[in-house]
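Take a look at the structures listed below.
Shared between the two complexes below is chain A, which pairs with chain B and chain C, respectively.
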Partner chain A sequence: MMKKKFLAGALVAVMALGLAACGGSGSAKSESGAETAAAAEGGSTLGSNGSTVVVAVESGFSTLDPGYVYEKYPPLVVNACYETLFKFNGKDDAPQPSLADSYEFSEDNKTLTVKLKDGITFASGNTMTSADVAFSIMRCKNLKGSPSFMCDTIDSIDTPDDKTVVFHLNTPDSGILAKLTYASMSVLDSKVVKENGGTDAADASTKDTAQTYLNSTSAGSGMYVLTSYTKDEEIVLDKNPNYWGTATNVDKYVIKLQGDANSQMMMLSQGDVDVAMNLTDDTMAELDGTEGVATINTPTKSIGFLMMNMDKNIGGPVADPKVQQAIRKAIDYPGMRTISGSGSVTPNSFIQVGFLGNSGERPDDYRNVDEAKQLLADAGYPDGFDINLDVVSDLSLEGVAMTDFAQKVKDDLAEVGINCNIVSRAWDGGYGEDYRDGKLGFTVMYWGTDYNDPNVQLPFLPGQEVGLRAGWTADMDPELAALNDKTLNATDNDARAAVLKEIQDKTYENGPFIVLTQAPAHVGYNTRLDGVNFSDPYALDVTLINIK
Partner chain B sequence: MDRVKFILKRLVYLVLMLFGMATLVFILTKMIPGDPAMANLSQRALSDPEIVAAFKAKHGLDKPIIVQYGLYILNLLQLDLGTSIRTNTPVLTELNRCFPATFELALFAIIIAAVLGIFFGVISAIKRNSVIDQIVRVISVTGVSIPSFWFALLMLYFFYYKLHIMPGPGRLSSIFSAPPKITGMYVLDSLLEGEPAKALDAFRHLILPGLVLAAFTMGLITRTTRSNLLDVMGTDYIRTARAKGVSQRKLITHHALGNALIPVLTVIGLGLGNLLGGMVLVETIFNWPGVGQFAYQSVMTTDYPSIIGVSLLIALNYLVINTIVDILYGIIDPRVRYQ
Partner chain C sequence: MGRALKKMFKRNYLFTAGVIICVFWIVMAIIAPIAAPYDPVAQDMTMRLQAPSAAHLFGTDNFGRDVFSRVIYGGRYSLLAGLITVVLAAAIGTFYGAIAGYVGGKADNIMMRFSEMIMSFPSLILAMLINAVLGSSLFNTMFALVIVAWPSYARLMRSVVLSVRENEYVTASEALGASRSRILLREIIPNSINSVLIMATTDIGNQILMFSTLSFLGLGSAPPTPEWGMMVSEGVKFFNKFWIAGFPGLAIFTMAVGANFIGDGLRDLLDPRLRKEF
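Up next is the complex of A and B:
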C-alpha cells in the first residue's frame, strides 16, 4: 500500500511539473506578455509588447546616480531620464546644443559661456535654472568618483543669471562640449537632490548621501522617469508627464538586465524583448531570416592595440622603430577583424573611425610579410627573435578575450620569425600594475573611450599617459608631442579635425602603438521599431526610438 | 530535552563559527592580490591621485589592516556587514535583495531533486540490473556530469525557443510588475498579493532553471538512494523479515527505506547548501538576480565587504542545514541520539 502511495505521489509530482510546463502550450505566449500586451493595446506585430519597449542589456549597473555613472550601459538609462547641455543627436561626430540654446568660447578658450533654453522643467515640475547646472557639474567634480576626472579642466562655474552658465577652465579644452554630453554631466533637479542628501560642496565625496535615492528614482528633465530598479533584474522607465520637449510614442521601457547573448537572441526571436544589445556573431547568424527582426553590426569606439615599449631596457628588440614597422607590416588586419566580429574596422591609427577628424581605415592589403622580414634584417634580426608577449587574461574587447588577439599576433609574427611567448596574467594579478607603470615590453591591450570625443585618444601621444606607459617621452618626438596642446586649443571643429588628421598621418607608420581592430557592437531589434541604433555615448538612445 | 540542549549547543557553535569564518575570509580576501580602487575606478580616474585617495578614504581602505579588521568585527557585532564598494549599498540590503531569489529557486530545485531522486533510486534498486535500472543510471550519471550552463541553454533552446511551451529568462514576464516584497519569493508574494495569475507566471519561470539546478543533485540522490537501499536490502534483519513472509512492498517501505534515507538526507542537505550559495552560470543564463551573480560581481570588483558577506551567508546556510539534517536523523531513526 505504502509503495503504491509513494509511487503515486512521485508520479503526481512529475505529472504536475509536466502539466505546469505544458499548460503554457498555447497560452504561453499570452502569459509571457507578448501577445497579451499587443492584443490589449492593438499592437501591430505578433510578439510585440504594445506601447512598451523591452530592451535586453548586460548587467553590471553598479549605480544609476549620474554623478557616479561611468560604466558602459547605465548611460542608456541616464540619457532617458536626464538631459545634458549638449548631446550627440544620432551622429557621434560633433555635439549639438540640447539644454543649451547657444554657447561661446572666449578668445583664450578658457571661458565657455552657455545660454540655456527657455521653458525647461524637471519631472518634479520645478523649472530648470543655471543653478541646477552648476550644482550638477560641481557635484560630479566633488564626488571624486570615476567620472570626476572629466571635470578636471573646470575651475569654477558662475551663474550670472538664471539662464547663463559660465565655465571657467584652467586650460583650453576643445573636448569640453563632448564632456558636457556625458551622462555624469546630466543636469539634476538640485532642489530634489539636496532634499535627499545631495551636495555639491568640496567635501561631497564624504557628505553626499543622495546616491541611494538616485538609484531608485530619477530627478531629471528627460523624456522618461525611473519608476523602478530591481538590481540585476530590470529597470522600468515611464514617460515623464511633465516633459518639456516633444516625446516619442513609446510609453514605457523595461530594461532587462540579461547579458547572455544566446538568451537575448531567443528572447528577441520570441518577441519577449524588442532590442537585444549584446548579441554575438553566432547569435546574429541564428537570427538571419527571422521575420520581424533586423540586425545592426557597427563599430564601437573600443580598440584593441599592440604596445611596444620604446625603452630598450624594457622593450628589447621591439623598442627599435624598424622592428616596430616590421611588426606593423606582419599583422594580418582582416584576420584580426574576423576574430573581433562583423562590423569591426581597422583605423589608420588611434583616432577611431567615427570620430571627428578620423582619416580612414588601414587598407586590407597593408600586410607584406617579405617587407616585414627585410625590415627585421635591416634592424639586425635576420632570423627574428624570441620575446614575451604580455596579455591580460580576464579582460575582453567587446566580448572577445584579449588572449584571442594575443594568439593571433603570435601566429602572424611567427611567419616573419618573431617567436612570441604569451604571458597571461589577470588585471589584478599584476598585469594592471605593470601596464600602468610602463613595465611591459610588448603587450596586447584594449582601450575604451571615457567620453565620446577624439580628445580621449590624446593620451596615446608621446609624453602623455598611455604614451608614457610605452616609454614614449615627449622629447622622443617633440613635434608630435606638441599636437596635444594644439588639439586641446582647437575649439573650432574644422581646425581640430585638421590637427587630428595630422596626428594620424604621423602615427600611421610611426610609434609604439599598432591598432589591431576597432571592435563592433551587434544589436538586434524588432522591426516594429524605428530609430534603433547603437550609440557610443548612450549605448542606445531611447529618445530617438518610435513604434511604427 | 536532549534535542533542545543539542539545538542550543549548535546555536552557540554557529555564532562562534561565523566569527571564525569572518576572520578567515577577511584574512584571505586581504591576502588575494588585488586593489579595489583598480577594480572599481576607470583607467582615467586611476590617474588622478585625488580621486584614488577619496575612494580609499570613503571605503576605509586607507586605514591599517588591523584597524579595518577591528572595525569590521565591531560592525559585525551590531549585525552590520558594511557597505558594498561596488554599489555603495549596505551588504545586508544587497543580501536581503538577492537571497530570496536564490532561496526560492533552490527550494524548488531541491524538492524536484529529492522527489525524483528518491523515486528513481528506489525504482532502480527494486529493478536492479533491469532495463529500467540501466535507464535510471544513464539519467543519474547524465544529471551529475552534464555542464549546467550547457544544459541551461539546451533547455531554453528547446522548451522556450523551439517548442514555445515555457517562458524565457527572468523571474516574471514583462506584463507583470514585481510583487510587493514580503518574503522576496515571487510565487509566495504574488499569492499574498492576491494575484494568482502572477504567481503561476512566477512558478512557470521557476521550472526550467529549477530543473537545470535539480539535475546534478537528483543524480547524486538517485545513486545514493539506490546503493543504500541495496545495502540495506542485503542485511540480516531484512533477510529475517523476508523469511517471515513480509511482502516485498512492505519490506521496502516499512523496514528498508527509512534506514536507507539517512545518508540521502545528508546529500539533500549538502545539495541545498550548494544551491543556496548561488549558481553563477545558471543565474546568468536565466537572468536570475541571485546570490551567485552578486558573488561573481563582488569578486570581479574586489568588493571585500560583499565577498565576506556572501561567504558568511554561505557558511550560515551550511551550518543551519546541517543542524536541521542532524535533527531529522533522530526523527527518521530514533536510534540516533543527540550528543
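Up next is the complex of A and C:
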C-alpha cells in the first residue's frame, strides 16, 4: 500500500517536471523567435533558426516513391531529392532542359532524342547514365500506378550510348517534354533501386518491391536526400553531400504535415515554421502587418467551371447555344474571384493563365445583364426559366467549397431571370457517377491539372473526355474537335501556342464550359528567406530558396 | 394539471426559461418576414465579412448576406425539421411499441428485434446513408431522421405498455368484451403516453442538433437555405470572423437547451415518482 502511494507520488512529480520542461522550452523558443532568427545558429530541427528551413504543408502523402507519386504535395519532396530531364523554372510556360543538355524531335515527331549533361552524379556517388533514365521511366510506366498514364505515348526507350536517350513514341505528343518534368519521371539511381527490389520489367507492377525503401530514403541526384519520413507528421531532408550542381545555402528542410490554415498561420507568425503552404484569404488577412512575414497570392492551374449539357434531353434550356451565351454574359466574374480568393484570375477559356498559348484574362466588363436578357429572349425564354443546378457537397477548389460557387452562380443568374434550384450531393452519393457518365444537365465543378502542360486541357474539347460529359460530341463542332490532334502534333512551341489560341477564340463566347475562376494559392513565409515561390508542378520549388 | 402548470411557471425557473426561449424562436420564425431587416439570401459582394454593427446586428457572411436575418429565417427550417421529425417519430414509435407490448408473444419478439436492428446502426451514419441514397433535401433529411429516431420511442412505449396492460381496468375492459383495438386506443395508449411526451420534448433539441449536424456535413438542406447547421458549417472556415458561425451556433444551443428545460419540467410534472412539492 505504502509502495503504491510512493509510486503515485513519484509519477505526479515526474509529470509536473515534464510540464515545467515543456513550458520552459516553449517560452525559450518564442523568445528566440522574437529576437529574430539570426540569434541561434544551432542545428535544432525546430523553429526558424540557422540553416534549417521548416515548411508546413497539407498532409496526404501516400508515397514518396517517384514511380507512384501523383498527389499534389509529394512533388515538393521529390523535386528536392530527384531531378528530371526537363524542368519548369519559376513561372516558365515551357519546360527547360535540366538533366538534359539538348534534345531533338524527329521529322515525324515520333522520336525524341535527348543528350544528357556531363558529370551528373547521384547522392550515392554513382554516375548517372542513360540507362538510369530508361530504367526510371520504364519503371514508372510498368508499375501501372496512378502517374503511369503519362508514359502512355512512350513506346520504348533506346540508349545508344551513355549520354543519349531515345524515346520512341507511338503517336506525336507535343506535351512529352512537360510530362518529362513531372515528379514521376525523376531519374533514379538504378543500381541502388535494383538492389532494393526495383525493376523496370513489364511485370514491375507485381514484382517491384522498392517502394518501402524509397519511402524512407531517396535514391536520386537532387540537392537533398530524404532522411526520415513519419507518416502524417514530418519529413526531413538533408543536404546531398555529393550534389553535382550548385546548391543553395539551406542545409536542411523539415516538412511538417500540418494542413490547417489557422495552425499554419499561428506557427508562421510565431516563427515556428518558415513557409506555410496552405493559408486562406482569411488567415492571410490576419498575417497582414506581422513583422518578418511576407505572403504570396498567385494563381494555381486549378479552375472552377460551369458545365451546361449540350444534350437537350439532359440539359434542357441550357443546351441552347444562345442560352449558353446568355449565361456567360450573366456571370459576375470579379465577384467569382472574390469568392475564390485574392490572387485568382479569370482565364478567357479553359486554357489557364500561365500556360503556353494562353490568350489572356476575360475582361471585368464582360458581364452585361441586358445583353444576357436579350439573348434569353432570342432563345425563346423572355421570362427566364427554372433549372436544377447540381453541385458536389464535399469537394472544394483550393479550400473554397463548390457549393459557394453554386450560390454565387444562382445569385448572378437570378438577375437575368434564371432561377436555379441548387441540388447538392456528395461525390460518392451519386454526383460523381452522374458527372462521369455525363448525366448532369447544369453543374459547377472543378478541374486540377495532372502535369504542367496546356495539353492537359484538351479533354475539354468536343468528343474528348470532359467534353463528352457535357454531351459535346465531335460531330457537333468537327473543326474545333480537329484541333485536339493538331495540338498534339505541334511539337514546336510557337505553332502549338497558335493552335491553343485558336481553341480559346472559338470557346471564348461559345461552348458548354464557362470557366468561373482560376483559383489562387496562398503562401506565407519568413522574410529571412529569399526565392520562396509557388509553382504548380512542385508546389514549392525548394531548389530556389536561399537564406538571406 | 392546469393549476400544476401555473404553479410550475412560478416555481420552476428553468422550465419558464425554456418556454420563453422556445416561444421566442418560434415567434421569430413565424414573423421572420417582418422581424428580419434583410432578405436572407440576397448577396452583396461589397458588404462581405462585415463585423456586427448597427446596420448588420450579427454582421455579414462570405456573400455579404445579413447573418441576423439568416438566423431569424433559419428557425423556419431548423425548428420545423426538429418538430416534424419528433412528432412523426413519436407517433410511429408509440403505435409500434404499444402494439408490440400489448400483443406480446412472437409478434412482439419479431417487432422489437426489427426495431433493435435499426437501433444497432450508428444513428448518424444511418441518417447519412439514407440521405446520400435519396439525395439531400429538407424532406429527405427529415425522413432520414424519423427512420433513425422512431425505434427509441417504440422501445420506451413497449416497456410502459407491458406494465400498464396488467392493470385492473384493462382486465375490466376485456371482461366487458371491448375489442383489442379499442382497449389499445382507449385504455393503454392514453395511460402510457406521458413518458413518450417527456421524451419527445427532450428530443426536439436533439433532433435540431442532428439536423444541424447533417447540414454541417453538407447533407441537409441545399444552399443557400439559411439553415442554422449549414450556416455554422459555412462559417467555421472563417475562423477569425466569429459572428458567421457563432450566432447560428448560439441559436442552436439556446433552442436545444430550451427544449431540454421544458422536457425536464414536464417530467417533473407528469412523472408521479418525481413529482415534488413545487
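Keep in mind that, in the parts below, the second predicted complex is superposed on the first by the 503 of 548 C-alpha atoms of A that agree within 3 Å, B and C clash if a C-alpha of one lies under 4 Å from a C-alpha of the other, contacts with A are read in each partner's own complex, and residues count from 1 in each chain.
In the analysis below, contacts are C-beta pairs under 8 Å (C-beta built on N, C-alpha and C of every residue); 3 or more make two chains touch, one makes a residue touch a chain.
Here the structure is a predicted model, which is why all the values come from computation and not from measurement.
Enquirer: In the overlaid three-chain picture, which partner chain does A:Ser393 touch, first (chain B) or second (chain C), both, or neither?
Expert: A:Ser393 contacts chain C only, not chain B.
Enquirer: Name the contact category of A:Thr84: first (chain B only), second (chain C only), both, or neither.
Expert: In the superposed model, A:Thr84 contacts neither chain B nor chain C.
Enquirer: After lining up the shared chain so the two structures overlap, which partner does A:Ser136 touch, if you call chain B first and chain C second: first, second, both or neither?
Expert: Neither chain B nor chain C is touched by A:Ser136.
Enquirer: So, A:Thr280: does it touch chain B (first), chain C (second), both, or neither?
Expert: The second partner, chain C, only.
Enquirer: Examine A:Ser269 and indicate which partner it touches, taking first as chain B and second as chain C; both and neither are also allowed.
Expert: In the superposition, A:Ser269 touches chain B alone.
Enquirer: Determine, under the contact definition given at the top, whether A:Asp428 touches first (chain B), second (chain C), both, or neither.
Expert: Both partners, chain B and chain C.
Enquirer: Using the superposition on chain A described above, determine whether A:Thr443 touches chain B (first), chain C (second), both, or neither.
Expert: The answer is neither, since A:Thr443 touches no partner chain.
Enquirer: Would you sort A:Lys144 into first (chain B), second (chain C), both or neither based on which partner it touches?
Expert: So A:Lys144 only meets chain B here.
Enquirer: So in the superposed three-chain picture, is A:Ser340 touching just chain B, just chain C, both, or none of them (first/second/both/neither)?
Expert: Neither partner.
Enquirer: Tell me which of chain B and chain C touches more residues of chain A.
Expert: B
Enquirer: I'd like to check the shared interface: which positions of chain A are touched by both chain B and chain C across the two complexes?
Expert: 262, 394, 428-430
Enquirer: Give the list of chain C residues in touch with chain A in this complex.
Expert: Spelled out, the residues of chain C in touch with chain A are 41-43, 45, 48, 62-63, 131-133, 135-137, 218-219, 222-224, 234, 237-241.
Enquirer: Once bound in the complex, which stretches of chain A touch chain B?
Expert: These residues of chain A touch chain B: 1-4, 6-7, 9-10, 13-14, 17, 20-25, 28-29, 31-33, 36-37, 49, 52, 54, 59-60, 62-63, 68, 70, 144-149, 152, 205-206, 211-212, 215, 228, 230-234, 236, 254, 256-260, 262-263, 266-267, 269-270, 272, 394, 427-430, 432-433, 436, 450, 465.
Enquirer: In their shared complex, at which residues does chain A touch chain C?
Expert: 261-262, 280, 282-283, 285-286, 332, 335, 338-339, 391, 393-394, 399, 401, 403-404, 406-408, 410-411, 421-426, 428-430
Enquirer: Using the touch rule from the top, collect the residues of chain B that touch chain A in their complex.
Expert: Per the touch definition, chain B meets chain A at residues 33-35, 38-48, 50-51, 54-55, 57-58, 86-89, 94, 97-98, 112, 115-116, 118-119, 122, 153, 156-157, 159-161, 163-171, 173-178, 197, 200-201, 203-204, 207, 211, 249-250, 252-254, 284-287, 289, 293-294, 297, 300-302.
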